[in-house]
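Next come two complexes, and both contain chain A; in the first it sits with chain B, in the second with chain C.
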Partner chain A sequence: MAKIEDLKEEARKLLREGKIKYIIGYGTGSNGWMAGPVFIKNPEDVDKLVWDPTCVHNLSRFLVDEKRRKAREKQPDKRPVGIFVKGCDSRAIVVLLQEKFIERNDVYILGISCENGGVVDEHKLTRKLKGEKPKKIELSDNGQFVVTTGNGKVEFPVGELLAERCLECQANFPVISDILSGEKTKRPPEKPFGSIEKMERLSQADRWRFWKEQLNKCIRCYACRSVCPMCYCDECVVDSINLAVSADTTAEEKANKVKWVQRSAESSENFVYHFVRAIHLAGRCIDCGECERACPLDIPIRFLNKKLEKEAKELFGYEVGFDPAQPSLISSFKDEDPGDFIR
Partner chain B sequence: MKTPETLSGEMMEKILEKRSLPSWVKKLDSWTVYAPRKDENERWNYDIAGSDSVGLDFTVTTLPAKALIFPQREIFLEFLKTAAENRETLEVKEVLPGEKPVVIFGVRPCDAKAISLLDKVFSGDFVDPYYWTRRKQTILVGLACGTPPWENCFCLSTEGSPHSEEGLDILLTDLGDRYFVKTLTENGEKLVNRAKDLFKEPRPEDKKKVKAVHAEAEKKIVRGIKGVKKDLAAKLRGMFDSPLWDEESMSCLRCGICTYLCPSCHCFDINDEVDSVSPLHGKRVRTWDNCQFPDFTMHSSGHNPRPDKASRLRQRLFHKFQYFVETYDKIMCTGCGRCVSLCPVGIDIIKVLDKVSDHGS
Partner chain C sequence: MAEEFEPKIVAFLCKWCSSAGSDMAGVSRMEYPPNVVPIQVMCSGSVSPLYIFSAFNKGADGVLVSGCHPGDCHYIKGNYYARRRIHLVKKLLEFIGLEPQRFQMSWVSAAEATKYTQVIKEFVKELKPLGPQTKLRRNP
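After this line comes the complex of A and B, so read on.
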């Protein structure tokens, strides 16, 4: 069984020997039960690291920050950063490597296997606990989620609390790592695209109605984009001004900059934002589900990405985030690729 | 334009049976009534309420009541260029909100207090006609918190309380099968007078119970910030260059949740939205803006005075706990806890402020 202790020892050693700059891991979150990202610089702080079914975050997103930070520094510290990854998160690192956003020696990967577990869905937990506040969640040896509340312990079968994406997980252990804790348990999902089946059965008119209602809720806080390790563009098409502006950009160039999306959080603009993002993630999204989790209005963003993941698989036999040497979906071509959509 | 007088001479104290709430709402047909409604994920948001769907058994809305008075998108004016006989004319038409007056039921005291802070921002040297048109036609019916809606409530340390009356027209207190109704303004009285027959005089034991409920609620709030208003502002003044901001912002995603969902954040942007180029017509709109976005302070030269997450997190705290205190002698935070509970990475303003209080001691 995966144990954080195995990795803590390694983490302490790496920091003590100065082989890595710092570690991106999970610590106890602010409200006491949900984990949160922590950044460990000193070997004596390694004990702050935790591993439990609330470690939902895809920490590889912080590699984007690290790259930006290095770019700002005059003499950047080029040592690798240590990073804790689950199976899904490791696939994000594979994509970052594939796209040459990072290099392999930029990271020291501390992998941790979800084995037969995974992470919990906060909404499912809230509904189960009916108002009671969780204090701690663990995965027991016999494969149950044990939730401690103010009134004692309650056990739930894993399937009842698992996040939807865990139920459709294609990599429950890291596909790339420098050190791994836990077993490489194979757990192929029953229905890898089960969650979108219901959507696919809807008529076009019903789907339109569904998305209109959902995307009307969007307040464009961009949490979905901000939490995504693949949304690393310095300049996003929806930003109100051109981030790539430099001292040499002329006034005319700025004035003529096309504004593709208005700031107004209106249905039409929200559609453009979410669909542009979905298309940009086709063949890149590894389904960590963070966009949907971060959304304060509960827009089911995962449906969009999952559908495109399915298209990529069915049309091009393409699977994301397993092989850093694989050419990317959008920039590669095979003779046998279907062409019946070209008229 | 003058800001409204909030307090009238007298206030009324009444009792409303819970089962009479729908009948009261039914009588309020000259207003658009909003009340919290729950979605399938157990999250609450304000929605237009019918007399059959109004219920006040809720926790806290994800979007604060501010969104109904200071909406995310507000049209200022419409413009239209026409050309006839070689003469171009530009027509500009001011658009003021002119909808039906509004009643918002179930406003939490922290959200109402935040609206009283927005009142300050949108008055002063320039009285914002868009804000005030909505504000004057909105009546706020508050609901005192019997139990803190979530674990991160900290209103007691931001000069508020679970039964604060600031900014409200009516405060309801849940007494089990009945509400204790306290009107606080003429507007509040107007609402009660619309359905006079439904309201009864409170018994002495009702008044006693209200006090007990209020006192009990205060005891249930577990979180709070150490520093008081002046101390925090003074501490912050010397911490502009502290390494604390870098440390605390490491996990920040630079999204807009903490500010867009904050009941007191009020920054905005103004843009022209062109609907058609020929003939030219479009709208000038105000939309919410957000100090956590990198482009918020981006100059047209490409220079950005707040280039990193650390400087943006610092700005959020400094605005709320130093700049606003210096300008208005108020903290620009009402302890609603949204930014703590809804942050996807668990950045906790209470913990950060406690580190500020402990700084150098």
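After this line comes the complex of A and C, so read on.
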């Protein structure tokens, strides 16, 4: 497991020299064992940073907020922001760079390689511990997760606790970074799209039953949208408030504004919402799994995005988040794109 | 006796080819099923996936997107973008369990009135056994 001592040292130096504005990293969360995001401005606070398999969050979302904040300031502080990234998070930054949403010198990337580990799935852990409260989770040198609970230490093989997306991860090291900790070990997954293929084998009726049940649960809290580093549009098509209302706007105009999707959390509207989200993330989603983690109803939203990632790869040979110079999936085409489905 | 189910098809036709093709079918007095609601768009590349989802949401039994043949786009490359995007939409709709026959794409040029009628005839024939689309419809 990568050690972050060098990164901390570098972070302290950068903060002391005033080369970066602040650092977004992982600290101990409020429940005592899960990591949570921390923002560090003073070099003395650098010791609050932690790195363990509970650092599930994709912190690059905060770069979106940072950009918004900077746009509002009259004299913005133009120094870069330091950010801790795992492999998946670094690819989110690549996509943000590719879309020219942020610039490379807006961020100072402190990369950590997951090496042979990854992050734990909270649900899997809870099931394994059968009600016991974990206190600390570490990755041992021989590749086991060591969970410290009130009754001592328990060891689990990595595969049993690892989040589903980590098992399907294709680059478990940061693809861009200014400073990197850990080895760039490539760990090709056995089945990069295993969970999707399992679902594709179901019959059409079973797939429909599955998704109907899942998306019926959606309460449209938009947590998946809020947590996603790629959902940064200023106006979302799902919100039906984007009508410029002036003094001359008649009540009729307001009432007749075309609503693509209703706000009510009915099955039909939920489908439109999730379709739109999936399509908007096609070729952009880097599978950080944040939407699924944030979902209060445990809807497997990730599958929709993963499915399109798979299709993009198989149909168009497009891989997300490796090259900031590559044109995006939807804004490019090739002459040899398959067209056999067209009459 | 119950009436036979007549599917309702929403067709997004590009202004320069498919719409002109359907127009030609009309002025040439060709017969084809009256189940289509044609919507003229400037280019098949301008068809947002949201139009398609919205059509299903508002009760379409089938949706057709039709544009110029590759290489013939009035805007040079709009239909190439459409081809990619529509393919992804098709895969997504199939993945959640919608019948794949309900969403089609075709290339119809301004001269292919016969092909247009053929596409519509086949589409209607495929939709009839499926019955009304209730999966994505609001208040089915």
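Assume the second predicted complex is superposed on the first by the 326 of 343 C-alpha atoms of A that agree within 3 Å, B and C clash if a C-alpha of one lies under 4 Å from a C-alpha of the other, contacts with A are read in each partner's own complex, and residues count from 1 in each chain.
Just so it is clear, a residue touches a chain if its C-beta (ideal position, glycine included) is under 8 Å from a C-beta of that chain, and two chains touch if they have at least 3 such contacts.
Just so you know, these numbers come straight off a predicted model, no measurement behind them.
Colleague: Identify the partner contact of A:316: answer first if only chain B is touched, second if only chain C is, both if each is, neither if none is.
Modeller: A:316: touches chain C, not chain B.
Colleague: Per the contact definition in the header, classify A:50: touching chain B only (first), chain C only (second), both, or neither.
Modeller: Touch status of A:50: no partner.
Colleague: Let me test your reading of the model: by the given contact rule, A:167 touches which partner, first (chain B), second (chain C), both or neither?
Modeller: neither
Colleague: Please work out whether A:123 is in contact with chain B alone, chain C alone, both, or neither, and reply first, second, both or neither.
Modeller: Only chain B is touched by A:123; chain C is not.
Colleague: Return first, second, both or neither, reflecting whether A:179 touches chain B, chain C, both chains, or no partner chain.
Modeller: After superposition on chain A, A:179 lies in contact with neither partner.
Colleague: A:205 contacts which: chain B (first), chain C (second), both, neither?
Modeller: Only chain C; A:205 stays clear of chain B.
Colleague: Once the shared chain is lined up, is A:262 touching chain B (first), chain C (second), both, or neither of them?
Modeller: both
Colleague: Considering only touches as defined above, state whether A:337 meets chain B (first), chain C (second), both or neither.
Modeller: A:337 sits against chain C, while chain B stays out of touch.
Colleague: Return first, second, both or neither, reflecting whether A:275 touches chain B, chain C, both chains, or no partner chain.
Modeller: A:275: touches chain C, not chain B.
Colleague: Would you tell me the residues on chain A in contact with chain B in one complex that are also in contact with chain C in the other?
Modeller: On chain A, the residues that contact chain B in one structure and chain C in the other are 262, 266.
Colleague: So in the complex, the part of chain A that touches chain B is made up of which residues?
Modeller: So the residues of chain A touching chain B come out as 29-31, 34, 36-39, 57, 61-62, 65, 69, 72, 123, 126-127, 133, 219-223, 225-227, 239-241, 243, 245-247, 249, 254, 262-266, 290, 293-294, 296-298.
Colleague: Which residues, counting only chain A, touch chain C once they are in their complex?
Modeller: 199-200, 204-212, 237, 260-262, 266, 268-269, 271-272, 275-276, 278-279, 282, 304, 307-308, 311-312, 315-316, 329-331, 333, 335, 337-339, 341-343
Colleague: Using the touch rule from the top, collect the residues of chain C that touch chain A in their complex.
Modeller: That would be residues 49-50, 53-54, 57, 70, 77, 80-81, 83-85, 87-99, 104-107, 119, 122, 135-140 of chain C.
Colleague: Would you tell me which residues of chain B are touching chain A in their complex?
Modeller: Going by the criterion above, the answer is residues 39, 41-43, 62-63, 72-73, 151-152, 247, 250-251, 253-257, 260-261, 269, 271, 273, 285, 287-290, 293-295, 298, 300-303, 307-309, 340-342, 344-348, 350-351.
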